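In the part that follows, the structures are each spelled out as structure tokens.
Note that chain A is present in both complexes that follow, paired respectively with chain B and with chain C.
Let's look at the complex of A and B:
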């Protein structure tokens, strides 16, 4: 029936040697994915938005719509 | 001397049950639960006692044979000796049960019960919903948010086409 003697030592070390590199790699992949999938597009979106932004025009539009308390819409 | 002083800290009752024949009373009866017990646990691989307490004649002779060279034992005898000392092997004691099915069933049952309670509550306990949920109010609310340019870069107002006054396709 003789079974092989099971591993008695180094069990944690073996597990760590296997799992830690995978854990690090996956964490790096997750971070990179988030950076290039979320933060970079977001930064780009904001940059593009403000490139074309006309402050005065937007202010006047908002003023006419009546959302400000300090300046009333023109007329009246 | 130290031992008796230690015993007096434990309590007077302990003195009579633990050590000696004092005052002609004799040693107290030892109950089963006070003796070392056998149990199958992964974290305690070698229990204090062997599993089979009263050996049959066959088992007794096997135990005698065990005292000699183990090379003469056949595989069946080795297994028999194992089963004398242990009730379940590690594989047997570690195997899963079908308990999870009852657990999932119980979970669904209680979630269902909770759902019924919530429905009853909605009908009989809570009052009417505030006026801010009416469509008219909501329309005015959305218009105001667009006027204020809420989240114009990536969010709410970014999806509205201000020139054509409609939602972007």
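Let's look at the complex of A and C:
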């Protein structure tokens, strides 16, 4: 039984025309997913943390803990 | 068929061109957006390459160059082009290149497993006449 002639031209072009738009779309989806799944929550977490942050109180806590060289803990 | 230089920066141009064709056939070789150059048909392309390999005094360099250029295109060469190339190998007493050409077209087919058997079927008379063994005959298709 003799074989029929298959398509022999433009095979790569056909494949690229099909797969490249999908690849670009998926990359954009991946980027969007990372942005809204990771970076935005992270930024929000930082914002929320610093919204209620009392700089003076925390500075004094650090000072008493003795981590600074420029100021010694108060007292002895 | 899209030209090999689809990878050399003109990718979007040639694919856009093919998408805009209403007849649904793939763009023939050497087609660029905005170019007024006459587009070569598949038949003209094939005839050109058959003629290239049919040169009676073709030399080894021209054979290798021709095959390398041909393999660079986004197509699997037609049986008649391969027939002409195999006969050129015969004139050059180059059996190694003849078998290599068969390996090359098998590789060019990529995932399309129906192309190589078809080519071997079409080339069978030539292979027998010129005494060329296929890589499968020689067990060279297995690792």
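Throughout what follows, the second predicted complex is superposed on the first by the 76 of 76 C-alpha atoms of A that agree within 3 Å, B and C clash if a C-alpha of one lies under 4 Å from a C-alpha of the other, contacts with A are read in each partner's own complex, and residues count from 1 in each chain.
Assume a contact is a pair of C-beta atoms (placed from the backbone, for glycine too) under 8 Å apart; a residue touches a chain by one contact, two chains touch by 3 or more.
A quick note: this is a predicted structure, and the numbers were derived from the prediction, not measured.
Undergrad: Between chain B (first) and chain C (second), which does A:72 come into contact with in this model arrangement: first, second, both, or neither?
TA: A:72: touches no partner chain.
Undergrad: Now for A:16: first (chain B), second (chain C), both, or neither, which partner does it touch?
TA: After superposing on A, A:16 lies in contact with chain C but is clear of chain B.
Undergrad: Could you tell me if A:61 is touching chain B, chain C, both of them or neither one (first, second, both, neither)?
TA: First partner only, chain B.
Undergrad: Considering only the touch criterion stated at the top, classify A:8 as touching first (chain B), second (chain C), both, or neither.
TA: Touch status of A:8: second partner only.
Undergrad: Just to be sure I read the superposition right, which of the two partners does A:43 touch: chain B = first, chain C = second, or both, or neither?
TA: A:43: touches no partner chain.
Undergrad: If we overlay the two complexes on their shared chain A, which of chain B and chain C does A:35 touch? Say first, second, both or neither.
TA: The answer is neither, since A:35 touches no partner chain.
Undergrad: Looking at chain A, does chain C or chain B touch more of its residues?
TA: More residues of chain A are touched by C.
Undergrad: Show me the chain A residues, by the header's touch rule, that chain B contacts in one structure and chain C contacts in the other.
TA: Residues common to the chain A contacts of chain C and of chain B do not exist here, since the sets are disjoint.
Undergrad: Quick check on the complex: what are the chain A residues that touch chain C?
TA: It comes out as residues 2-14, 16-17.
Undergrad: In the complex of these two chains, what residues of chain B are touching chain A?
TA: My answer: residues 75, 78, 144, 147-149, 152-154, 162.
Undergrad: Any idea which chain C residues touch chain A in the complex?
TA: 1-2, 6, 11, 14-15, 18-19, 26-27, 42, 74-78, 110, 112, 114-115, 117-118, 121
Undergrad: Could you please specify the touching residues of chain A with respect to chain B in the complex?
TA: 1, 42, 45-46, 49, 58, 61-62, 65-67
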